[in-house]
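Mind having a look at this structure? Questions to follow.
Chain naming follows the written order as A, B, C and D, and within any one chain the residues start at number 1.
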Amino acid sequence: MGYLELQNLTINYGKTPIIRDLSLSISNGEIVSLLGPSGAGKTTILKTIAGLLQPASGKILINNIPVNHLPAEKRDAVLIFQKPLLFPFLNVAQNIGFGLKMQQITGIKAEKKIGKILEITELTDLQNRKIHQLSGGQQQRVALARGLVLEPSILLLDEPLSNLDASLRQQMRELIQTVQKQTGTTMLFVTHDQSEALTISDRVCLLLDGRLRQVGKPEELFYLPAAPEVARFFGCNNILCGTDDGKKNITTFSNTHLNRCSNGGKPFTIRPEDIEILSASRTGPEVLHQSFEGRVIGVTFEGQLTRLTIEVKKIQITVLCGRPTYRIGQSVRLKMPKNCVHFFP
Amino acid sequence: MGYLELQNLTINYGKTPIIRDLSLSISNGEIVSLLGPSGAGKTTILKTIAGLLQPASGKILINNIPVNHLPAEKRDAVLIFQKPLLFPFLNVAQNIGFGLKMQQITGIKAEKKIGKILEITELTDLQNRKIHQLSGGQQQRVALARGLVLEPSILLLDEPLSNLDASLRQQMRELIQTVQKQTGTTMLFVTHDQSEALTISDRVCLLLDGRLRQVGKPEELFYLPAAPEVARFFGCNNILCGTDDGKKNITTFSNTHLNRCSNGGKPFTIRPEDIEILSASRTGPEVLHQSFEGRVIGVTFEGQLTRLTIEVKKIQITVLCGRPTYRIGQSVRLKMPKNCVHFFP
Amino acid sequence: MRRKTILFCIFVSTALPFLPLLLWSISEKWFYPALFPQVFGTRAWTYVFTTSGNQILDGLFTSFSLALVTTTVSLILGIPAGRALGLYDFPGKKITMLFLTLPIIVPPLSVSMGLHLWFIKLGLAETFIGVVLIHLTFCLPYTIFVIRGVFTDYNPDFEEQARSLGASPAKVIVMVIFPMIIPGVIIAALFSFLLSWSQYLSTLIIGGGKMLTLPILLFSLMGSGDRPVAGAVSLIFILPAFLALMSSAHYLGRTGLKGIR
Amino acid sequence: MRRKTILFCIFVSTALPFLPLLLWSISEKWFYPALFPQVFGTRAWTYVFTTSGNQILDGLFTSFSLALVTTTVSLILGIPAGRALGLYDFPGKKITMLFLTLPIIVPPLSVSMGLHLWFIKLGLAETFIGVVLIHLTFCLPYTIFVIRGVFTDYNPDFEEQARSLGASPAKVIVMVIFPMIIPGVIIAALFSFLLSWSQYLSTLIIGGGKMLTLPILLFSLMGSGDRPVAGAVSLIFILPAFLALMSSAHYLGRTGLKGIR
């Protein structure tokens, strides 16, 4: 069982509030990611939940029990730091058993628990290794195992993938998901990498400027951003003012001014990969009505996608398309499918 | 002017050859990237060209002149290391002027050259700063400027973007491209990041297991890989054996065995983002003929694209599509457009 | 080849001084032009370990207790001070470091002379405590330096990680901090001990001839001209340094001699 | 608050020993129960700087030349050895390091005694060169240690980068290596100088009373009981340590005292 609830949490650094009025509740067995740029205070939140920092105000509840007054070692939440921080004077199995020893769990009972976790994290062969004999990825796995073995209600993970290179990151990501399925542990993990957050989590909490800007499923944040800042965070620069025909078909659009619209338009966004480029041959009146003529002013081949910058009436629109078949200077017609247009609430 | 030619270059580490029989020629003003996994010996090649290592055999020609016998300081090629390696006892301008001083260029002439490079690299305001007062990105810029000011025929760059975070990387990438346009310097740069290589370079040289596997324009390597290893390096796991109807329309396909085909098929690949998923409503005989029925067994939302694993006759196919509208277990029809199918030569 | 030469030179130049001491201690007769003793014998060693050598055993005991007490006090005061200097930045840190180097580089002779009169006034001259205090003037800064070095490489996040894994503050000290810093502490203790152990001038000045430590006995033996006995005592005198060095080789190797480089 | 207390304690405990030396040197009369001199005066300083103090100026010169030569030789041998130990791994490196610590932790008294007879045989006893050699037995290992520390933080890629930027091997040494290691070299030189400068026993044993360095004069002044003059000479004796420390504060701060921690 693992429920976590944060009620109006405010956390200060010195006397400056860095996290303001944060409320969040996480259900049993969820993987929730706390996403935000570096320096947004994500680690601070984890440390506060773990009991290593005191909040200026607000309540923390684990399994519906307030824990504000409990010291770190008595909270039913384990924080795994970004660096593995394995004790160099203990071997792998001893490191994993450290927390059990603290709980007075020793002997066969401890061995069984450690053995099970070693298996899940595929570390059985390494259990007698010394820490300095492990690779970075193995160390990260031991650090994860060290937390999991305690079967905490809440596992707090601080950027568990950030110190790993691409292929290890993929492995570790899958391991976390497998472990989560096998143990059903509730996990809150912190990352600054949007693709990591989108891939791994049931829900994503986006933290910008010390506040939760949006909480929801990955697709919600990606396709239905609550604010222009959210859209920009996910790499979407097409923030425009538009008027529609009442059926969400955009009829005209213009640039926003500080995310606001004058002259009657409403701010909307459309993801660069959702914009369609119509073939030049289609020129019926219906097509003309629902599309916009523009000129390609930038082409960057990025591999899976090609980034086009297209100027429509002096407004720059970013479009991501498949194969790089367009040239700079070429005239194209853009279509913004109505089911992809998102007006900000 | 900057031509570089490598003829049958073999480089040993100790007595083990790590680069074998490498031939490559680079024309004036090209940006060529040397792409390969970490530890492939890319840096070794740069050091050999720069004269810091001696090849076991083979010739190096700069501007058609053999330079094998020349020491590093007399070769018309400057290597910029991965780390900025700025001299801490000199300020920014002095660091940039270091190479000029070595060439006995001093006084007003040196100042002019330094001033020009400071401008190009947007470092003019920082010229009197000490090195430890610079950010990582600024240090990288100074390191680039320090090489550029010498106006070498060939500029060799070792992972110039790898120490930078995402936004700085973008800036530095644009800077390198701008500088290249303004100065026309021939550049050979090394990277392990495929998107970096694809985005920035005129030509890409893929180095796998000590050999050049393919050299060509970014799109060529990406869409027309010379071998299954090349396709896999660029993230394409769809390596299959297929038979076609003579017009490149795939009629049947099966798994390859060690990249080889038995029973008459020919090995081919198709990029995951090129496979089309047909809507269930289209069921004409023509559609049925050119498409394959399969079942979705994996869905990972990755943001811009969604990764689907689809099982067709027990063969797993990876498909990258836009919005995550498919569910595990769903039946779909796949189409492999004939212009996207690539048979290995 | 070049490196082997360097290695060989270093080895010879460090081992060389100790050979004659050994030769002296087992010689009965060794006069000027000979490169090696003319007559070997065990007179010196017998002398040292018989009743007539009581003075030497007393000296051994005095030196040992002085060094032990000095080291203990150095560690008790030096560990918190070194931790503060290593982990935290605070105004005046740089000047503190500078002043700490002073007793290390200023000769003990001057320090002892300076403090002598005050020690007389405070009744500390010619006492055990007085000599411990004068030894502390250089052992303590040295200890603080070594411990500070340990803590500059120390990551206090380990303590927080242990807390989150269920360790109480007391257990963090015993089961995390202590094992993490023990190699450095051993080196600090070692150096503090040997520094105190090898003091001559400061012990002589403050002890005023009442504290007959091994180096003081050794120097008077030198003066008396009984070189075989002086050689034997000298070897006893070197013994703890040698033992400590060998037994701590493990730690020295592990920390890359960070503490003392 | 706690840190300020630590700071204050450290400051007081390091500055304290030098105050009485100053007081002694300007006192004419200072007898037992008084905390401060009863009569002040400049007799001691006058004595030191007049013709009758010639012996002291000679001692100053002897000490200075000894320390200078020792330091120079230490650097010449220590820089390549320290570079090899800091940059490269080779078999026997660990044991070399271990043997290098030996002369640092073994008291100079034993080393000097051990080498004395061989020095006599080689005609080095009671000579300037002999005393330099005995000072080198500990100054050189110390220098190697400090220089090794410098080179463990040193990245030889700087040299290759300089080559690629057009610097010849000779220019790399002068314009890259030298400026990179100069702070560490200064610290090494400083410590070597001060170590030699403050030697007493080893100079006495090998020099055999012929090399009247400042510490030897100082100790005999102590014995003669003229404490005001001893105080003044003691201050002169401390002066280079103090000056060097202050002038190198810049470098010490910069390298975080890496060399000596």
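Miscellaneous remarks
Basically, a residue touches a chain if its C-beta (ideal position, glycine included) is under 8 Å from a C-beta of that chain, and two chains touch if they have at least 3 such contacts.
Please read all numbers here as calculations on a predicted model, not as lab measurements.
Fewest steps needed to get from chain A to chain C, stepping only to touching chains, is 1.
Touching chain A and chain B together: no chain. Taking each chain's centre as the mean of its C-alpha atoms, chain B lies 56 Å from chain D. A straight line joining the Cα centres of chain B and chain C is 58 Å long.
Centre-to-centre separation between chain C and chain D, using Cα means, comes to 18 Å. The residues of chain C never reach two or more other chains; the list is empty.
Among the residues of chain B, none is in touch with two or more other chains. If you sketch which chains touch which, the chains form one closed loop in which each chain touches exactly two neighbours.
Chains touching one another form the pairs A-B, A-C, B-D, C-D.
Only residues 155, 157-158, 160-168, 171, 175-176, 179-180 of chain C touch chain A when the two sit together in their complex. Taken in their complex, chain A has these residues touching chain B: 38, 165, 194-195, 198-199, 218-219, 222-223, 234-235, 271, 273-274, 300-305, 320, 322-324. Those residues of chain A that touch chain C in the complex are listed here as 47, 50-52, 71-73, 77-79, 81, 83, 85, 87-89, 98-99, 102-103, 146-147, 150.
Across the complex, chain C is touched by residues 3, 6-7, 10-11, 13-21, 24, 30, 32-33, 35, 80-81, 84, 88, 90, 92, 94, 96-107, 109-111, 113-118, 120-121, 137, 140-141, 144-146, 148-149, 152, 190-191, 194, 197-198, 200-201, 205, 215, 218-219, 222, 227, 230-231, 234, 237-238, 241-242, 244-245, 249, 252-253, 256-261 of chain D.
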